[in-house]
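In the part that follows, the structures are each spelled out as structure tokens.
Heads up, the next two complexes both have subunit A, just with different partners, subunit B and then subunit C.
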Partner chain A sequence: MLSVAEIHVAYGRTPALTGPSLAVGPGEIVSIIGRNGVGKTTLLKAIIGLLRVTSGTIHLDGQDVTRLPAYERARRGLGYVPQGRMIFAGLTVEENLLIGADLSPAIGRALVEEVLTEFPHLRQRYRQRGDTLSGGEQQMLALGRALAGGPKVLLLDEPSEGIQPSIVEEIGTRIASISRARGLAIVLVEQNIEFAAALAQRIYVMEKGRIAREIPPERVMDEDIVRDYLAV
Partner chain B sequence: MSLDTAAIVVLEILNSITILVLLALGLALIFGMMRIVNLAQGEFFTAGAFTVLTAVRFAHLPLWVGMLLAPLVVAGIGIAIERLIIRRLYGRPLDVMLATWGVSLLLIGLITVIFGAVTQGIPFALGNFQVGRYSYPEYRIVMTTVAAGLMLGVYVLFRYTAFGRRARATIANPEMASAAGINTPRMFMLTFGLGAGLAGAAGAIMAPIVGVVPTMGVLYIARAFITVVVGGPVVLVGTLSSASALGFIEALISRFSLFQIETAGHCAPPPCAINIGGSAFFGQIALLIFAILLLRLLPQGISGFWRQRR
Partner chain C sequence: MKRIASTETLAALLLLVPLLAVPWAFKPYTANVLAVYMIYGILALSLTLIWGYAGIMSFGQTAFFGIGAYAYGAIGLNLINRTQQTHAAVLGGLVVAAFLAAVVGYFMFYGRISDVYASIITLALTLVLFAFAVSTGGDEWVIGVARFGGFNGMFGQGESSQNIANFQIPPVTVWLPGMAQPFEFKINRESAAGYFLVLGMSVVMYLTARWLLRARLGRVAVGIRENEARVASLGYDTRFYKFALFTIAGAIAGLAGILFAAWGRFVNPDRFGLGFASSTVVYVLLGGRTSLLGGFVGAAIVGYLTSYLAEIAPFGTIPGDATPWARFLMEAGRRIVREAPLLVQGAVLVGIVLALEDGVTPPLSRLLTRYRRWAWWLLLPAVVFYFGQRVACLQADVCLF
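Presenting the complex of A and B:
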């Protein structure tokens, strides 16, 4: 579904990604964990196309999308939920969702309805401006905006960040069930290891701009692993 | 003040507001939505007037056809300029100013070469109507109607259409908009074209009441910028509130003499005096002073002030 092969990204002369590779299949949730500044967010930005890749390739559904602008990648089925959510502040909840739904005009309205069923909070706030929502609601809206586009692959950047635990749990449950029901491939970047372990079938640890190793989800809380790869 | 005088004053205020709205709307759109200062906006206005002139004088088309063509032609010019020049300069506001200033000079030069540096008039058939003892040009009512129509059109476009939704999302966060599937370079191009087209429409609608000359844009660009800056960041609310405040002052001071200053010399009948107020000259001075005062009190402009208050 999505395959990333040895991509390199640099900020000016400073290398940020030094050749990570990754593959995700339909219905699969893969999580990327690691310390701050190892390039997790950079990896997602490179996949969606907000950062230019200097070498390596990104394939979506067998098509090479490495040189396409972000909006073309979105139209081919990449959904992006950024860190900090980045909902469109001046737009209402409805309009935010419709921006997503514009990607698939034929079924967009049905997808919005599906999102509202999955996240009933959003239905209550449907006509409100996006910036009047709480952090958790904004996260649901950012997720909903991506889902309303009917993506094949979803890129999630720290969906649990700054959100109260009960909402984190709710969002986690939704993500898992949506992935299963739709056969949606998900790349989940997380600092919250418990959250990542509960959702992901595979977990990769990033270090210094590359993927250092794979960890089985059931071992992710083991002391040695936490110490070697995650402790600050 | 008698009833007919009051009515005329109201009409004149309305006319001042209309002209400011026409001048500022396209500029406010480009500035508010794209955060760039387009110094060629005055020449988009000029190009609109010359489109009408060309259509009427040389192609012998009816006036209204020329006026409908003008925004389309100027939007085309705007889109070409965005693609050729401005697109390469996003994120460099000073360079955009410099480049659009260059475009402005280039357009003035081009129009002068083609049409000559003479002032030309566009004849039109509307007359006056009576308000008590006064007569008032019917065409001004047409202008107000057009200005209101343009504002309403812009409002509906940005509030209720998919284009408007995408444009607002792009302005709010271009990166995220692109990642959400919006062709952001295209949105910038169309927004710039729309702003240019609105200036073209303003030039076209005002062409019959002003002298059509290649440098006419220069005469109006200052008032357009003042209106936009006083209006602040919210495009429609800002433009309308600012045009209303400034137009009100301009029309009042243009109409009424505030006081007289006696001067030396020989006059018949004596004494010699200059009226302060009571002419368009003083109206524009009052507009400028009032704009400076407003910006002193509300540095973010009128709409910026209200946005902060909320």
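Presenting the complex of A and C:
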């Protein structure tokens, strides 16, 4: 579905990504964990196209999208939920969802309806402005906005950040069931290792701008791994 | 939803009842003055559309206003004596303004020029056009019978139906098949057609802008204002949306320019000038850039302040037994207001903008929503009564007071 091969990204002269590679198939959830500043968010931004890749390739559905602008990648089925939710505060819940759904006008309305069924909280807040929502609701809205565009691959940047635990659990359950039901490929960047382990089939650890190793989800809480790759 | 709808109806009635009654309730002077406020309001609306919604601050909307006015003038002067109408002039003004906006917008947005630079480029554009228009005083600056006239403004020279050498830009004149003679939209003792044309265009432009913003274009525009990268990552070519909105706003500013040239039957380089460019920004800031009505409200307030402050001799007479200090202060105050109305105007505007972050219109509409019932049963009848009384007084000499 999505395959990333040896991409390099730099901020000015400072290299941020030094050739990570990654592949995700339909219905699969792959999680990326690692310390702060190892390039997890940068990796997602490079995949969606907000940062320019200097070398390496990104393929979506077998097509090379490495040189395409972000909006083209989104149209071809790449959905992105940025860190910190980043919903449109001045628009209502409805408008936020529609801005996602306008991407596929033919089925957009049906997708919005589907999102509202999956996240009943949003239906209650349908006509409220985005900035009146709680953190958890905003996260659901950000997810819903991306899902309303009917993506094939979803990039999630720390969806559990700053949200109360019960809501985190609910969001996790939804993500898993949506991925299964729609055959959606998901790349999940997380600091919350338990959350990542509960959802992902595969877990990669990033270090210094590249993927250092893969660990099986059931071993992620082992002490040596936490110490070697994640302890601050 | 129903609440909002009823407030909107109420606001529309409160505005439209007086505005529709004006030609019968007051002398033509008032209709003339209100028409120019509304023309500036349409210009301000075009800025509200791109600045308030998409966050693109154009300091030079006047460039499109001015070019629309000049194009209307040049085509109108040439056509009026041949065809007796100005259809092509109106169309030409719109096309020229939209075209200029499209060209400038294309280079700005597809060249990825960012916010501050867009303001500077548009300001530079209007000032370049100002310098150019000023330098067109010579005899060589003619299009057919239309002379640019440099600082003195545009006029026609040569073929006139009245055998007068110089003649003015025509009012909007319509001659459709089936009409016995051409119809001129003028504002004078006999006719208020020009006033109603401007009022009608204001309403149409307001509704057009509202319709545009309710649809996808509006959602994407607000998204761009909040975070452009986010909108791009949702699948929108933000450059195209900015370009489209900027071009539409340019056409609306051009329409205001056309109406202006037809209203005053005159246009000169001042319409491109720094003063007018910054006034437009002030209208929007004062009225509120998040409300489509804001520009109209701002233009009316500034216009009223300007003419009111120029007329009054403030504070009445100074009492004879006043202490020297009070005397001095009152005399100074009177001098300042009389000699420097712009200073006072500026102070008032700064005060309002500081006190009301979002401008005048949003708090007004909140008040209206809150006291909706009172407004329906007290304010609206009072307005209807006052204007009914004015009409009766002026038209039939039935004056109550």
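Methods note: the second predicted complex is superposed on the first by the 232 of 232 C-alpha atoms of A that agree within 3 Å, B and C clash if a C-alpha of one lies under 4 Å from a C-alpha of the other, contacts with A are read in each partner's own complex, and residues count from 1 in each chain.
Assume contacts are C-beta pairs under 8 Å (C-beta built on N, C-alpha and C of every residue); 3 or more make two chains touch, one makes a residue touch a chain.
Bear in mind the structure is a predicted one, so any value in this text is a computation, not a measurement.
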Here subunit A is shared; do subunit B and subunit C fit on it together or clash? clash
Would you check which partner chain A:127 touches, where first means subunit B only, second means subunit C only, and both and neither mean what they say? second
Which superposed partner A:100 touches (first subunit B, second subunit C, both, neither): both
The shared contact residues of subunit A with subunit B and subunit C are 48-50, 69-71, 74-75, 80, 82, 86, 88-91, 95, 98-100, 102-103, 145-146, 149
Touching subunit C in the complex: which residues of subunit A? 48-50, 69-71, 74-75, 80, 82, 86, 88-91, 95, 98-100, 102-103, 127, 145-146, 149
Name, in rising order, each residue of subunit B that touches subunit A in their complex. 162, 165-166, 168-169, 172-173, 175-184
Subunit B touches which residues of subunit A in the complex? 48-50, 69-71, 74-75, 80, 82, 86, 88-91, 95-96, 98-100, 102-103, 145-146, 149
Spell out the residues on subunit C that touch subunit A in their complex, using ranges where they run on. 1, 216, 219-220, 222-223, 225-227, 229-238
